[in-house]
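Structure first, commentary second.
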Amino acid sequence: MSSPSRPSGRASDQLRTVTIERHYTRHAEGSVLVCFGDTKVLCTASIEDRVPPWLRGKGEGWITAEYGMLPRATNTRMQREAARGGQGGRTMEIQRLIGRSLRACVDRQALGERVITLDCDVIQADGGTRTAAITGAYVALVDAVNVLMKRENLRRNPVVGAVAAISVGIYQGVPVLDLDYAEDANCDTDMNVVMNDGGGFIEVQGTAEGHAFRREEMDAMLALAEKGIGELVIAQRTALEMA
Amino acid sequence: MSSPSRPSGRASDQLRTVTIERHYTRHAEGSVLVCFGDTKVLCTASIEDRVPPWLRGKGEGWITAEYGMLPRATNTRMQREAARGGQGGRTMEIQRLIGRSLRACVDRQALGERVITLDCDVIQADGGTRTAAITGAYVALVDAVNVLMKRENLRRNPVVGAVAAISVGIYQGVPVLDLDYAEDANCDTDMNVVMNDGGGFIEVQGTAEGHAFRREEMDAMLALAEKGIGELVIAQRTALEMA
Amino acid sequence: MSSPSRPSGRASDQLRTVTIERHYTRHAEGSVLVCFGDTKVLCTASIEDRVPPWLRGKGEGWITAEYGMLPRATNTRMQREAARGGQGGRTMEIQRLIGRSLRACVDRQALGERVITLDCDVIQADGGTRTAAITGAYVALVDAVNVLMKRENLRRNPVVGAVAAISVGIYQGVPVLDLDYAEDANCDTDMNVVMNDGGGFIEVQGTAEGHAFRREEMDAMLALAEKGIGELVIAQRTALEMA
Amino acid sequence: MSSPSRPSGRASDQLRTVTIERHYTRHAEGSVLVCFGDTKVLCTASIEDRVPPWLRGKGEGWITAEYGMLPRATNTRMQREAARGGQGGRTMEIQRLIGRSLRACVDRQALGERVITLDCDVIQADGGTRTAAITGAYVALVDAVNVLMKRENLRRNPVVGAVAAISVGIYQGVPVLDLDYAEDANCDTDMNVVMNDGGGFIEVQGTAEGHAFRREEMDAMLALAEKGIGELVIAQRTALEMA
Amino acid sequence: MSSPSRPSGRASDQLRTVTIERHYTRHAEGSVLVCFGDTKVLCTASIEDRVPPWLRGKGEGWITAEYGMLPRATNTRMQREAARGGQGGRTMEIQRLIGRSLRACVDRQALGERVITLDCDVIQADGGTRTAAITGAYVALVDAVNVLMKRENLRRNPVVGAVAAISVGIYQGVPVLDLDYAEDANCDTDMNVVMNDGGGFIEVQGTAEGHAFRREEMDAMLALAEKGIGELVIAQRTALEMA
Amino acid sequence: MSSPSRPSGRASDQLRTVTIERHYTRHAEGSVLVCFGDTKVLCTASIEDRVPPWLRGKGEGWITAEYGMLPRATNTRMQREAARGGQGGRTMEIQRLIGRSLRACVDRQALGERVITLDCDVIQADGGTRTAAITGAYVALVDAVNVLMKRENLRRNPVVGAVAAISVGIYQGVPVLDLDYAEDANCDTDMNVVMNDGGGFIEVQGTAEGHAFRREEMDAMLALAEKGIGELVIAQRTALEMA
C-alpha cells in the first residue's frame, strides 16, 4: 500500500519517526518527551495522596489529565489560556479524552486512594498532539506507578495492559496513517483511535471534515489504526525496558 | 433481535418514542421540541446578519451551536453553569459536536454572510440528550432556512440533505439502540453516531466505559445506528411536511 | 374601567390568560409551567439536605432562587450567560427578588436544615417574567414541601400562606394591570408588586421610566395590583387542588 | 411625632445629621463626600467623550453609576470584590438603582454624546448607603455638568430638577425615617424612596423583612419619605450655593 | 542640595508635606489616612481569628495586604477592577510588596494564629501611592496590634521596630526624593525603597525608565531614601504618640 | 572568595553551568532553551504585525512578555493557571519584569508598528527562573529581530546593546551569586539584578526574607551581580555567533 501523494513522502500506512524519552525532567514521578515526527509533547505523571471529593472513603483512586500548548508551539502564536482566563473547548475535549483513555488501563482499587495527574504539554505541534500525548502519558504513568509500588509496597500493579493512540484519515481519497499538520488541515476525514495492547478499542472519534465517510472507508481506517497502534505498543515496551 | 433485559422492555433495536414538535416557541426562526422518550430538548435556530471575525468578507456563513441543561433536568440538581462562571468541559464537547454535525449539511456559500445559532436546551434528561439535540436542531435549522430563503430571496437552498444522530451501546453484553439513562449509566460501551440521509457517517464517537470493545461489537453497533438513523430521518421528514 | 388603547385590547384591569401546569417535568420535587399570556416560565423546586455555611447547626432552612432566560426566549437572541462567563445585573436582581418573596411565606424552622432552590427559567418572554416566576414558583414550592412532609414526616407545614406577584404601570397616561412586552417597552412607570394571600405587601418595586409618578397614580396602581393578585391567588389554589 | 425607642434617640421623623462636602478630591469633574450620620460615601462624577455602543450616532448621552464598599467600611471585613473576581448581586442591584435614579433628572439630548459615570464608594457604612449615594451623586453630577457647560459652551442645562433618596421603615411597629444600621438589621420593613424636587416618585423599593406590611403602613412610610426628601433637597441646594 | 527644576519647587531632598491621621474610620481595629502631598491613601488593619490553610496548627499568624484605587483617584477615570473581573498585574505587584514589607516588622509567633489584613485604598493619587501605603499601613498595624494585645492579653508585642517607604528617582539628571506624578511620569529612573527604623533595607525596587542608571546614581538615590525614611519614621512615631 | 557552605559546592561568586540552545523549536522567529544548571526555560520570540490600541498610528512598536510554569516543573505539582482561571500575582510580577527588561534594549521606533512577544515557559525549575528567562529571551529576541530585518528590509537594528539578569543573595551570612532552589528557600536576602552590556542597571529588586540587609551587604551583592552578568553577556554573544 503506497501513497505518493503524502506531503511527507510517507507510505499511506507509515508512522512518522516515533521517539519516547523517559526521565526528561527530574521532579515528576514519571516524565516523558514523546515525539511523533515534529510533534513533541512533554508528558509528566504526578502522584498525590488525595482523591476527588466524590471518591473519599471508597478505597479507590483516580487518573486525570490536563493538556496545554505552549503559545508558540504552533505556526502562528496562540493566546495563552492562562492569560485568556480559562481553558477553551478544544483543550477540555482533549484532556477529557486523555484521562478516559488512561483510566482504561488502571485498576483503581489497586491504586488506592491516590490521584495520578497526567500533564501533557505540547512543546511543538505538527498534527496528532492528542494521540502522541496518550501514547507518551502511558509510559509516564508506568514510571510513576513503579515509583509508587516501590515506595508504598503495593501488592498489585495498578497498571493493567497498555494503551496507545493514533490518528487516521482520508487524505485526497486515500486512507492514511498518522496525519501530520499538512494532511490534517486538508483531509476529508480525521479519526483518532485509542486501543489497548490486546486489540480492544478504548475510544474511536471520527469526524467528517469535508464529506461524509462510507462504511468501507471506516473499515480501512480502523485497519490502519490497528497496525499503527501495534507498532506504538512495541515502541512503548522498548522504551520501558531501558534503564 | 430481542433483548428482554432492557430496563424499558424495549427490543434491542428499538428506538424510544420519538416526537418532533415544530413552532414550539414563537420568537425564533426555527423552534422545535424534540423528545426521545423522556428526554426533551428545546432546539431553536436563530439567524443573525453577521459572521465571526475570521469569515468577514469571504462571502460565506457559519453554523454554530450552544448546549445547556436546566439545573433540574436531571435527577439531582446540577449547579447552573451561568452561576458557576462558565461552561464545563462536557457542555463544550457537546456543543462543538452539534455544531460540526449540522455544518455537515449546510452549503455555507449559499447561506451568505450570516450566522445561524442552534441553541439546544435540555428541559428533561433521560439519556441521549446530544443525539436528540442534533436530530431536533436539524428540523429547527430547516425551518429557519426556509424563513431566510423567503425573506432574502435566496436562489439556492443552503441545506443539503439531512442529518440525524443516535446512541448505541453494549448493555449487559448485548448491542442496543438508543440508550436511556438507566442503560447509559451501566453500559460497557457507549457510542454516538451522526449520519446523513445518504448513509454517510458524519461523526462516530465510541467510548469503552467498562472494558474495551471488539471489532465485531463495533460492527454490530454501527448496524444498529444505521437502522435507527434511518427511522429518525423519516420522523424528521414527516414533521417537516406538516404545515 | 376600560382602556381601548392597550395593544392587546385588554381592559386596563384585566390580567392576561393565566395557566399553571403542575408536574411539567418529572425529576424535580415541584415542577410548574406558568404562563401569563405568551410569557412562559418553567419553575422547579429542588430539595437538598444541606444549608448554606452561615446556617449550619441553627436548626433552620433556606429558600433560594435562580433565574435564567433561554437565549431565544426573546425577540432577538441574547448571549447565553454561561457562555458570557457569569450572570448579569438584571438576572441577579430578579433572582434575589424571587428568593426574598418566597422566603416570606416559609417558616424556616419548620423546614429544618434543608435548602429549597427555585429555578425559574424563561422559555418564552413577553413581559412580566419575574412576576410569573414568583407566582409559579409558589406552586412548585408547595408541591415540593408536600413531598418533603410525607417523606420526612414533618409535624408542621413550612409553607405559611401564599405569595403571588403582578406588574402594574402607567401606559399612555392610564394605570394598567399586567403589562405585556409591547406595553412594558413604552410605559411611563412600571411597578412590580408581591403580596400574600392576606393582602399584605411583600415587595413593591416601582420605577419611573419616563417622568416621575404622582402619589395618586401610585394609589391607582396599588389598587390594580391588589385586584390582580387576588385573582392569581385563586388560580394558584385551583391548580393546587387538582390531583 | 416621637419614638423614644430608636437606638439613636432620634425622633421617628428625624434625619441623621446630613453633610455634603463638595470638591472632596481634585481630579474628578464633580467630587462630593456625603455623610448621613456615620455613613460616609464618596461620590465622583466623571465625564467622558464617548457613548455606549447602542447610542452611537443618536445625538444623546448616558448616565451610569458604579458602587463599591471599601473592605473595612463595615463592622467585619468583607472580601474585596476585585479579589473575588467580580461584583456581587447586591452591588449590581444598587448601582443599577443609582444609575436609573440620576438618569431621571437628566436631559440626555442636551448632554450630547457623552457619558457621565457616578462612582459611589462607601468609606464607612452605618445603614442607608444607597440613599446617601444617590443624594450625594446628584450634587457631584451638577458640579460636573457645570464644568461641562462652561467647557463646551452648551446651550441647554442637561440637569432638569433635583433627585434625592431616603430610607424609611417600620421599626418595632413604628414608621421611622432614615434607618441606621442598628435599625436596618432589626426592622420589619425597609423601603428606599427616590423622589425629585417636584414631589414626584422616581423609585420606590419596599421589602418586608419580617412580616408583610399593610397599606396604611405604606402610606405612613411614604409620608415620612416625602418629608425627609424635602429636607435633603434643601441640603443639596445649600451645598450647591457655596463657592 | 537644591534643584530649582522640580515642578513643585521642592528641594531635591525634600519630602512633600506628610500627614498621618489615625482613627479615620470607626470599624477597623486600625484606620489611618496618610497623605504624601496630594496622594491620599486610606489604610485599615483588620484582625481575624483564622490563618491561611498552609499555617493551620503551626502557632503563628500572617500579615497580608490588599491595594485598590478608587476609579477617579487619577486624572482620567480608570475602570473599576471589580467590574473588570479581577485585579491587574500592577495591583497584585503592589499589594504583594506591601504585605512583604509589613511582615518584616512582625513577630508572627507572638501574633499567634491570626491574620491581619492591611487594606490600602487610594482616595487620590499624585505619585508614590505604594510608599504612602506602606508608611500609613504601619501605623494602622500598630493601632490594631495594640487593640489585640489588650483584648487577648498577649505577653509579647508582635510588632518589632518600624517600617516606612519612600520613592527616589533621577529627574532631569538630578537625584530627587519623593517623586510626585509630574516627576514620576517623566523621570529616567524610579526606585522604591522600604527600610526599617534601624537603617536596614527591606525592599529595593529600582527601574530604569529611560536609560540605565549607573552605580553612583544608585548610591545617591539610596542616600536620599535613607534621609527621607528617617523623617517618615519620626512622623509615624509622632502620630502614634497622640491619644 | 570561596564559600564551602553552598549546597552545590560552588564558590560564592560562581554561576551554575549556563547553556543557551538556539532554534530549540521550529515555528517561532526566535526559540531558545536556556539552562542555569537544572533550571530550564524555553524562550520564544513571536513577531506580529499589530500594536496595542494605545500605540496605533504612532509609528513605534512594543515588546511584551508572558511567563508560565509547566505544572510539574517544580518539586510538588502546582495547579495549572489556565485551569485555575487566570494568572496569579507572582506570574504577573515576573512577566512584567521580563517585558520591562527587554524593552530597555529595544529602539521601538526602529521596530515600527509591530509587537514582539517573549514567551518564557519554565520546563524545569531550580531557582532563578526569572533571571534565566530574561537572559534567554534576549537571545530569542535577537534571532527574531534578525529574521524581521531581513524580511522587512529594516534600515536600523531595533536591538540596542544586550540585557542579562542574575540573582544574588545573602546565604548563611555570605553574599553569593546565582541562587539555586536550596539556597533561595533558605536565604536571608534575595536580589534580582538586570543590567545591560554597558554596565548600566535596568532593574534592581532586592527583598529581605529573614532580616533587613545592610548597605555593605547590598554593595557586595551588586558587585557579584556585575561579575555574573559580565559572564552571561559573553555566553549570549557566544551563542549568537553560532550558525
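Every chain is named by a letter (A, B, C, D, E and F) in the order it is written, and numbering of its residues begins at 1.
Convention: a contact is a pair of C-beta atoms (placed from the backbone, for glycine too) under 8 Å apart; a residue touches a chain by one contact, two chains touch by 3 or more.
For each chain, UniProt lists the protein as follows: A, B, C, D, E, F = Ribonuclease PH.
Please read these numbers as outputs of a predicted model, since none were measured by experiment.
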Practice task
Moving only to chains each one touches, count the minimum steps from chain D until you reach chain F.
Solution key: 2
Exercise for the section: Using the touch definition from the top, list the chains contacting both chain B and chain F. Expected result: A
Handout entry: Relative to chain D, chain with the most remote C-alpha centre
Key = A
Problem - Whole-Å separation of chain centres (CA-atom averages), chain A against chain E - result: 51
Problem - Inter-centroid spacing, chain D versus chain C (mean Cα positions, whole Å) - result: 28
Fill in the blank from the handout: Note: chain D residues in touch with at least two other chains are 85-86
Completion exercise
Around the ring, chain E then chain F onward, we get E, F, A, B, C, D
Handout entry: Residues of chain F touching chain E in the complex
Key = 86, 88-90, 92-93, 95-96, 100, 104, 191, 195-196, 198-208, 211-215, 218, 222
Practice task
Give every residue of chain E touching chain D within the complex, in rising order.
Solution key: 25-28, 31, 38, 40, 42, 44, 46, 48, 66, 68, 70-75, 77, 80-87, 91, 117, 119, 121, 123-125
